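Chains: A, B, C and D, in written order; residue numbering restarts at 1 for each.
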Amino acid sequence: MDKRLSSLTEAVADIQDGATVMIGGFGGSGAPIELIHALIDRFLETGSPKGLTVINNNAGNGHVGIAAMIEQGMVKKMICSFPRSADPTVFTERYLAGEIELELVPQGTLAERIRAGGAGIPGFFTPTSVGTDLAEGKPVQQFDGRDYVMERWLKADHALIKAEQGDALGNLTYRMAARNFSPLMATAAEKVVVQVTKAVEPGEIDPEVIVTPGIFVDAIIEVANPAQEEELNRAGAHHP
Amino acid sequence: MDKRLSSLTEAVADIQDGATVMIGGFGGSGAPIELIHALIDRFLETGSPKGLTVINNNAGNGHVGIAAMIEQGMVKKMICSFPRSADPTVFTERYLAGEIELELVPQGTLAERIRAGGAGIPGFFTPTSVGTDLAEGKPVQQFDGRDYVMERWLKADHALIKAEQGDALGNLTYRMAARNFSPLMATAAEKVVVQVTKAVEPGEIDPEVIVTPGIFVDAIIEVANPAQEEELNRAGAHHP
Amino acid sequence: MTQKLSNAQIAWRAAQDIEDGAYVNLGIGFPEMVARFQPEGREAIFHTENGVLGFGRAPEPGQEDWDLINAGKKAITLKPGTAFFHHADSFAMVRGGHLDVAILGAYQVAETGDLANWSTGPKGVPAVGGAMDLVHGAKRVAVITDHVTKKGQPKLVEACTFPLTGVGCVTRVYTSLAVVDVVDGRFVLREKLPAISMEELQAVTGATLHVEGEVGDLICPEELADA
Amino acid sequence: MTQKLSNAQIAWRAAQDIEDGAYVNLGIGFPEMVARFQPEGREAIFHTENGVLGFGRAPEPGQEDWDLINAGKKAITLKPGTAFFHHADSFAMVRGGHLDVAILGAYQVAETGDLANWSTGPKGVPAVGGAMDLVHGAKRVAVITDHVTKKGQPKLVEACTFPLTGVGCVTRVYTSLAVVDVVDGRFVLREKLPAISMEELQAVTGATLHVEGEVGDLICPEELADA
């Protein structure tokens, strides 16, 4: 079994119209720019995939990555905690025009819902958002005299994430704060595709330091010297 | 801030009668033998602590570690998934004599309840045990047409765990399958004391490979060349 | 009817259905034997509840490292690609549906797919381990077992009389006499030992064995007969 | 009444209450400034939602590594003992009560301890980030804020009119004029600028300021007045 793919095109080939896609990253750290741009390129060539629901902490910055997906009209809905950034224009304009839906989720609840999706936990209770607008319509239950909101798991058809090292079995490490949501998303999507900065052979990663065991990963594609979203934005990049 | 202690005696000094204590380990791997034996020694000298509720996957093996605690009469109740072992005599005899209580919890539910305790999640739903005797008396709720049992978090007054490396800030790594429940227990107890095989300075552990960040740890005590429970048992050891 | 498969033969048969690259959990005890019989050219990746994925075979006696064990507390070894993780992540793999197959032992399997394998009743010390998690987690839950108990009682039954491990979870049973699927609340016979007649097989089975299409011959390597 | 504390002075005052070894989360924006003013001999350990504990100061311009950022997407640095972890573990730290202090900004704080700091109403794009988790997670939730809005409206009120971030969560407010505790549904004044009278302070506060015992002088380093 070898999970390594040979092209970015292949890596994003099976995402269908209307799919739910988790995309790793927090701001620019951990954003799988090359996978996202390969998906945009596919859309520009074929008109598909569109009508996507995208799950990420944010809603894009500038004109690359998720912002570029939104700009091209591929995204129907964002599920995120913080749709603001240094340059959130693309999302903001479409949101205010009613052209994109937003499900706003507190950040810790977003993380826990994704983890729950991956861990087979359909619902859990959290104190977060109790008594606020974001708890509206959700069951509230008291434990030990304190109110908690019940939240549901979050799953996706696909996850696109970025890792540092990945071996042929899909075992992954991450780089600093670029880890963020990616290990969770790797557990919660039907098909998990990872761009790794360095593809290695099984055994090259110390078993003690593997963050995402290969069982969660379907495919890896090596992208040496990947773009960093923050740096692209500081350089005023656009995709395409 | 330096979380390093200088003696095992000090490490177990504040566990009170009637306390709930999580003890790391799965079988012999990860069992903090020196911490447990220091606690037994304290009990033998002072008569305290007794009436303990102990949370561990098992209920002791042979006449060392948790089995020795039970043998000395320190344990009122075990919360575990599998109270069997190569030599479970100590627990078995007391259980059949009605001298020790048992709360039997499926292993994955035990792990998740401890994680929930550490993560501020008072309740969650799991498919595990639905329709079985172990779900008796627990709320059942349907999600997407499937039944799930609601389980509660599990917390403790103390956790005694074993790690491989620990720095002065409490950052920890583990050794192979000795990791098991310990990173979870470190999050779910009021006071977390760790015996580490090697105490190091902050910065000596690569930030990428820390498994338990120091925020979860209250104190560490270096025990170089720790005993391995399985090896003690194969040698027929008794404590004291 | 004295002929029946050895445990090794049952394990071998179960191993034939495990695909290359499958993630597999083998219950403690007899099911662990399945790992020995991976077909040529296929490599399954074994998961153990206590936080190891992709481990290797048992070490030579004397070479054990007792911090490297499986859920049955037996020593295992590293392989290239082995990963360690904690218990919550381990059961996220189980409960989250990431395992392709779990192969477990059984006291009884019902035609509804119910499984009883953790307790034979209120006597003694109960112990459940990870079985209740596995039966509701793995994509496919199979059982390997002798066809009858030591006393000759059927283990394939209409309804379990022992406490349940899980409801409607088993989809295939590999016994010492047959391979039986659970389909829509019925046992469907897929394979049986050539030497045993349908009537003989039904006589030692506690629920109706249905036939849908061909019943294959259950043929296992002879050299495992005494293993 | 023109005199008031600068943001740096408010941040300095809040920093004085952070104990050595405390685990602290600072909200994005103004609260991040608190990290600059750790008292001599004390060292707090800073947590950021995006998976870093025990990080160091901002790097020199040009030295940023944009994979090493805080929740405000600002570059940070490593320190001996820094740890990385994923978002679920990060919010386990938050929700599980492992943080000693969270210091956040506010649109409004009510005498009940209710906090509004994420939305000023239905216009624009709503964004919540980790604020709702932090207010119910940290052992102590403090607010730093100007005492009034830019238009001079009180930010300390009887009841928040903006959408709530959390109910009954704030226990201390450091403002540009005073230090106020929330005690049993009332504001209790602990310190105020010496130059402001009780009457003047009450006039710019939207709920009754109670006095229990001595009201201290709120005195901050002069050199931070223009910072």
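Everything below uses one rule, namely that contacts are C-beta pairs under 8 Å (C-beta built on N, C-alpha and C of every residue); 3 or more make two chains touch, one makes a residue touch a chain.
The structure presented is a predicted model; accordingly, all values stated were derived computationally and were not measured.
The chains in contact with subunit B as well as with subunit D are A. Here B-C and A-C are compared, and the pair linked by more C-beta contacts is B-C.
Annotation: 30 Å between the Cα-based centres of subunit B and subunit C.
In terms of their C-alpha centroids, the spacing between subunit A and subunit B amounts to 35 Å. One simple way to say how far apart two chains are is to compare their mean CA positions; for subunit C and subunit D this gives 57 Å.
Touching two or more other chains at once are residues 84-85, 88, 91, 94-95, 136-137 of subunit D. Among the residues of subunit B, those in touch with two or more other chains are 112, 115, 119-121, 126-127, 174-176, 207-208.
Interchain contacts give a graph that is no line, ring or star and is not complete, per the touch definition above.
Inter-chain contacts occur between A-B, A-C, A-D, B-C, B-D. Residue ranges of subunit B in contact with subunit C, taken from their complex: 26-30, 57, 81-86, 88, 91-92, 95-96, 102, 104-112, 114-115, 126-134, 174-184, 211, 228-231. Interface residues of subunit B, counted against subunit A in their complex, comprise 112, 116, 119-127, 141, 143-144, 146, 148, 152, 173-176, 206-209.
For subunit C in complex with subunit B, the residues that touch the partner chain are 48-52, 65-69, 71, 73, 84-88, 90-91, 94-95, 119, 124-133, 136-137, 163-167. Listing the residues of subunit B that touch subunit D in their complex gives 1, 115, 117-121, 167-169, 171, 187-188, 201-203, 207-208, 210, 213-216.
Residues 20-21, 23, 43, 45, 47, 53-54, 78-85, 88-89, 91-99, 136-137 of subunit D are the ones that touch subunit B when the two sit in their complex.
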